[in-house]
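Pasting the structures in now, so scroll down.
Presented sequentially are two complexes of chain A, the first with chain B as partner and the second with chain C.
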Partner chain A sequence: MQEELMDILCCPVDKHELELEVDDREDDEILTGRLVCTECGEAYPIEDGIPNLLPPDMRDEAPA
Partner chain B sequence: MPAGDGDSVDDHRSQARVREVYDDIADHFAQTREYPWPEVEEFLDDIDGTRGLDVGCGNGRHLEAMADCVDHVIGVDVSRQLLGTATERMAERGWSGALLQSDAAALPIQSGTIDAAVYVATLHHLPTTEQRRASLTDLARVLTEEGRALVSAWSTAHDRFDASADAEEGFDTTVDWTLPSGETVPRYYHIYAPAEFEDDLAASALTVESVRVSSGNCYAEVSG
Partner chain C sequence: MKGQEWYQADDVAEAYEDKRFSGGGRLIDDREKRAVLDAIGPIEDKEILEIACGTGRFTAMLAAEGANVVGLDISTPMLQQGRQKADELGVSGVELMRGDAGRLPFPDNHFDTVFAMRFFHLADTPRDFLREMRRVSREQVFFDTFNRFSTRSLYNWMLPMGSRLYSGTEVKRLLRDTNLDLAGAEHDWIFPYGFYRQIPGGIASAFRRLDTTIGSTVIGDRLASVSYWDARV
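This part shows the complex of A and B:
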């Protein structure tokens, strides 16, 4: 995902802002990391450049 | 996983199961979804703006069409494997968009940021009236003041269903997807009666501009 996407993303559950934590990036593209809700603290993983923003109860326990 | 004879619609009525099904059939499904629907192209004819959103974007065929109308496109889908096919389509055809794995009823997008949205052939996969209405209200939330969206769902008017288009309510069923191997995978659908489609829109925060039935689907043009 591109960092500028942060302008419009929010927590799917409480709609509060997210904070980006980057583990791996290639130029402008964030490949691995997480989006952490500034309100509820839930961490949403970014894998292969795609954030998994499913609510926690719909997310896989372990990555496929 | 092949469906046994004992399978009932109840075994498939959940977002987790719908997600699993589309993860399983993603590659074949995406191959058969080459062209945008004419109803979507018609809607996009009048669209411009900064950001476009496709809820239930699948392989991205409608995102690709939308990328000609707005500056940035964002696709969300519950199935990671389908998002993978959208990534491939972008690379093959030279367009770009943002992809998010997300539930249609819990959009991870800030309020008032989307100028145009399509939510086609996805609403009918949500398992309950409450969730379907919640997804429509969440769509209203993300639209800008001038924002517009096209919503569609399979309807009882479709000729594959032996149901009356005049019924007050639709019904739950499974519709098989047949893989090249011959294996069939049942997908959960709530088939909408047109009157019920209008009821759900009216119960949501969306404002309905127009509604119609076309090619066996209910369509509505809406604003936030």
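This part shows the complex of A and C:
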């Protein structure tokens, strides 16, 4: 995902802002990391450049 | 949600487009792309969200036309196909992510257009999904449905996961309940998609001509198996 996507993303559960934590990037492209909700603290993983914003209850029942 | 597990499988994702949109299926792909372009156009510089973007057939096309598109899907393998397609086309302005259509990770009124193709037949709670689409759109919501009183009913039982069919009255009630105004509707495909997928391209074209000929008569709309709904916030 591009870093500028942060401008529009919010927590799917409480719609509060997310904070980006980067593990691995290529220029502006975030490859691995997580998005952490500033309100509820839930962490949404970024893997292979694709952020996973499924709410936690769906993340478990929908593997892959 | 129907298809939740089905579309998570790598082999299903990889075979998805070949299985559905080759041979006679190409006519379906063309018609759906035209429906999306006609409804959303002009495309350039629009902020667009596609719900259940799958392998990114529309996401990549809209980005190539100059839109900024976010594609959301529940399945990683499908999104990986979408990423590959966008990269092959060399388009920028595409962001893909996993997410739940019922709880979108976007603020209110963010997008010009929010649309979903081939989604509502899998939706178990269509009203909730439509309400959420409306929340994040400031102007347009566009989607298709498979129709209850049509040939679709006949072949529905053959599908691996079945699908939810809608009457026109039902869709209009959904729009009213979610505070959306109907701006336009098109009704098409007297022969269902499954029929076109099973015949070679040449024969399919002949049937398609017959299909659109009947479709343009007074009874055409009532026999159509697919409807495209264009609504305004």
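Going forward, the second predicted complex is superposed on the first by the 59 of 64 C-alpha atoms of A that agree within 3 Å, B and C clash if a C-alpha of one lies under 4 Å from a C-alpha of the other, contacts with A are read in each partner's own complex, and residues count from 1 in each chain.
By our rule, a residue touches a chain if its C-beta (ideal position, glycine included) is under 8 Å from a C-beta of that chain, and two chains touch if they have at least 3 such contacts.
Given the structure is predicted, the values throughout are model-derived calculations rather than measurements.
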First (chain B), second (chain C), both or neither touched by A:Leu31: neither
Which of chain B and chain C A:Leu53 touches, first, second, both or neither: both
First, second, both or neither for A:Val13, with chain B first and chain C second: both
Contacts of A:Gln2 with chain B and chain C, given as first, second, both or neither: both
Intersection of chain A interface sets (partners chain B, chain C): 1-2, 5, 8-13, 15, 18, 44, 49-55, 58, 64
Chain A partner contacts - residues on chain B that touch it in the complex: 15-16, 19, 51, 74, 78, 80, 83, 87, 98-103, 106-111, 113
Contact set on chain C toward chain A in their complex: 4-5, 8-10, 70, 72, 74-77, 79-80, 83, 95-100, 103-107, 110
Touch list for chain A against partner chain C, complex: 1-2, 5, 8-13, 15, 18, 44, 48-55, 58, 61-64
Residue ranges of chain A in contact with chain B within the complex: 1-2, 5, 7-13, 15, 18, 44, 49-55, 58, 64
